[in-house]
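Residue numbering begins at 1 within each chain, and the chains themselves are lettered A, B and C in the order written.
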Amino acid sequence: MNSFLEVRNLNLSLKAGMPILRSVSLNVAAGQVHGLVGESGAGKSMIGKAVLGTLPRALQVTSGEIWLDGVNLNSLPTAERRKTIGAKAALIPQDPLTALNPSKRIGPQITRRLVDILGWQKSDAEARAVELLHEVHIPDPARVMKSYPHELSGGMRQRILIASAFAAEPKLIIADEPTTALDVTVQKQILRLIAEMQQRHDTALLFVTHDLGVVSKTCDTLSVLYAGKVIEEARMRRFFTRPIHPYSAALLKATPTYTNPRGSLTPVPQSVIDATEREVREHDMRASR
Amino acid sequence: MTVFRNILIRLLTTAVTLFGVAVIVFVVIRVVPGNPIAMMLPPGATDADIARLQAQYGFDKSIFQQFMIWLSGVMQGDFGTSISTRQPVAGLVLSRLPATLELSIVALTIAMLLGGALALAGTRFRETKAEAAVDITSGMALSIPDFLWGLVLILLFGVLWPVFHISGRISPALNIDFSTNFYLFESILRLRFDVIADLVGHMFMPALALAIPLAAIIAQLLKQSLKETMHLDYVTLARTKGYGENHVITREALPNAVLPTLTLVGVQFTFLIGGTVIIERLFSYEGLGNMAIDAVINRDLPLIQGIVILFAFLFTIVNLVVDMLYVLLNPKLRHA
Amino acid sequence: MRDARGDVTRPIGARLWLSGAWLALLVLAALCAPLIAPKDPLMQDLFLGRMPPFWVTGAEPGYLLGTDSLGRDVLSRILYGARLALIVALVAGSLTCFIGATLGLIAGYYRGWPDRIISRFVDIWMAFPPVLFAILLIAVMGPGLVSIIIAIVVIDWTRFARVIRAEAMSQGAMDYVASAQVAGRTRFGTMLTEILPNVLPTIVALLTLEMGIAVIIEAILSFVNLSISTDSPTWGGMIAEGRTSVHQAWWVLVFPLITLFLTVLSFSQLGEGLKDRFDPVLR
């Protein structure tokens, strides 16, 4: 299978030394949707941040490689890396309320980078923005482009951020918990919209979430992360029918999905957590040897 | 509607403040022990002289009556007559105001450029030695008041490496006919570069002395504000779009980081204008502050009153302008 | 975070000690001025006018930092000048602090009409150029130590009132204050036992800062010749003289200026350092 994004044995730790990601490997094929699932604190957002080069300063990559469209990002100088990422990948952020610059109108926030970085004509960029806003079902795009973020609702802003992410026709979209900050009613619409846009533009999508239910609806493949370690990587169908790792199985039981819509939910048993915890520690021991 | 109400309230409080200032100047000069007429006259004046002057300036009336007379004059634009020069106070004060305004505005500009540059540098190289250097520099600059910076500058650029004039506003040899007292602004409009150079040569040190503490405050506040903004999601998002760090700081973070510092800088600017009093004295710069000290030394009561009121008026105007700028620059308030 | 904290506190410790040492030296100089001053600070010798400091050729032995235009010893005058500077710093600083902080506490904690009255006065005060106000006060009251102290208190009480009011206000909104009152404490008692200790670090920092400012105001007043009687040595007076003869005798300006610079810097650094040390939140 031809990977568009390939993460190889990525190790990430706090500058103080505490490991955050432990030998994470990950493949996202072109045009495919890959789910990245884990509890909060498992380090799943950090993978997206590492790929996009927006890690907090307190973190550092200790080893591993990130390949994007056949290019090793680590081998590029900073400015070059940012340009490559900007041209090939885009982020749909978690919180639409803080992800738009409050002092700028919506229009320029979508069009500026097309003009600045990709050298488009301003009129082309604006036409493109209107078209994208149509695609994300925003009524009256011309008016919205003249608005400031604070004049729009959270759902509207997330639609705008989705439109903006697809603006430069990236081949990879990283969606970092894109619905967590929204109302439940809006969540479904946004999920459907992301899937729709992904299919229309034929992009690869790395979908970071804590919600297995969301993954079951949208993804082709998935990775389960626990304490910074990938404990299972699988195709979707196989995962939901025959999860291999006990933690995955327990997680599946604790999630309402289409295979188990009303079934009784079981919390992940402590014994499973302890066993997984032991596994991660053993990995650390091996790594330090 | 609320906008109008706010403006009305602001104007009312401004009026109350100015009124209070006038009352206090009156009280300080007249109630504190010491005969104001005796203060005015040279030692050895006769009782008849004192009585005549008292009548002439209305000091034989009660303080309340004096104040009412003065106030009704002010309402008609008459601030009284200067004792030492025997000219109308309003004219004297307004002729010196442009010099002080030019000095303050140049100082503010220097402070914003210097402070802004330091804040940006500190943010660009945050968590490195460069940021620590910015912190220490601004901390030092802030602890030392303008008066001492002025003296340090005199030693540096007046004595050690004499490149600037240490006193006056303009070289008398230039002999230019200005049509306003805004010498600098006028010569900029008339493109007289020789005059501009001379004026800047005189103004540079006093303006820099005034600017250093304000620059330090701007550097600290703006850097703090920038660092907080740099953690926000839209800044991170801009990074993923392929922009360089400089663009991210100046285009994404800066416009939002400026806003919270603006009101604080406004208050500090009034402190800067207050500082012109001693700085003008130090550099023999012929502005309002220098005139004020002369007025105090010459015991020219009407002139002192006029100058203090003008300063107070200036301060309230600055605060008003800052508030308006805040609304203008903040999209959330602009359309409200 | 712990790393960052460590990095920040270490230089503050050094600054605290350095500034404390300089101020201690100054206190010593002021107390022992008659013992350690090499010359009589008032003694004029017109034949020894504008002698340079000891390392410059042409220096007069015994006059370490040179002489002014009247032949008075610069070092001795700086030592004696420290007396006035420190008295003003201590007395004017504490008085300003006491009055300003009290008003600020009352305004911030009691709110209501006391706050309205005090805040209105602060607003009016903020509309005065402080230096001009001080000069005016001295001109009216006549020169002298008491006048200087009064002038400083009158112009600068607002610095304390503003800051302490804001702090007292935010402290007063905290739950622990409400619970102290529920427990039956009087309002005044609560102010002293609950609010005051929490604003104390700020008061201490402002107090040392104010001492430095008092020294500067005194120097400015001496500079415009409105401090105390003209013949007793003051740093500001020396600076005024040095300013006029800066091209002929730079040392008359440089040495008092360095002294003043270090003193003001020390007071403010001491304040910052003490605030960090005593602030329960930062500590």
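In this section, contacts are C-beta pairs under 8 Å (C-beta built on N, C-alpha and C of every residue); 3 or more make two chains touch, one makes a residue touch a chain.
Source: prediction; values computed, not measured.
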Chain whose average C-alpha position is farthest from chain C's own: A
Identity of the most central chain, Cα criterion: B
Chain centre separation (chain A, chain B; CA means) in Å: 53
Chain A-chain C separation of Cα centroids, rounded to whole Å: 57
Distance from the mean Cα position of chain C to that of chain B, given in whole angstrom: 23
Residues of chain A defined as touching chain B within the complex: 52-54, 57, 79, 82-87, 89-91, 93-95, 98-104, 113, 116-117, 148, 150-151, 161, 168
Chain B - residues contacting chain C, complex: 13, 16-18, 20-21, 24-25, 28-29, 32-34, 39, 132, 136, 139-140, 142-145, 147-148, 151-152, 154-155, 158-159, 166, 267, 270, 273-278, 281-282, 289, 292-293, 296-297, 299, 304, 307-308, 311-312, 315-316
Chain B residues touching chain A - in the complex, by the definition given at the top: 127, 232-234, 236-244, 247, 252, 255-256, 259, 329-332, 335
Touch list for chain C against partner chain B, complex: 7, 11, 120-121, 123-124, 126-133, 135-137, 139-142, 212-213, 216, 219-220, 223-224, 226, 239, 243, 246-247, 250, 253-254, 257, 260-261, 264-265, 268-269, 272
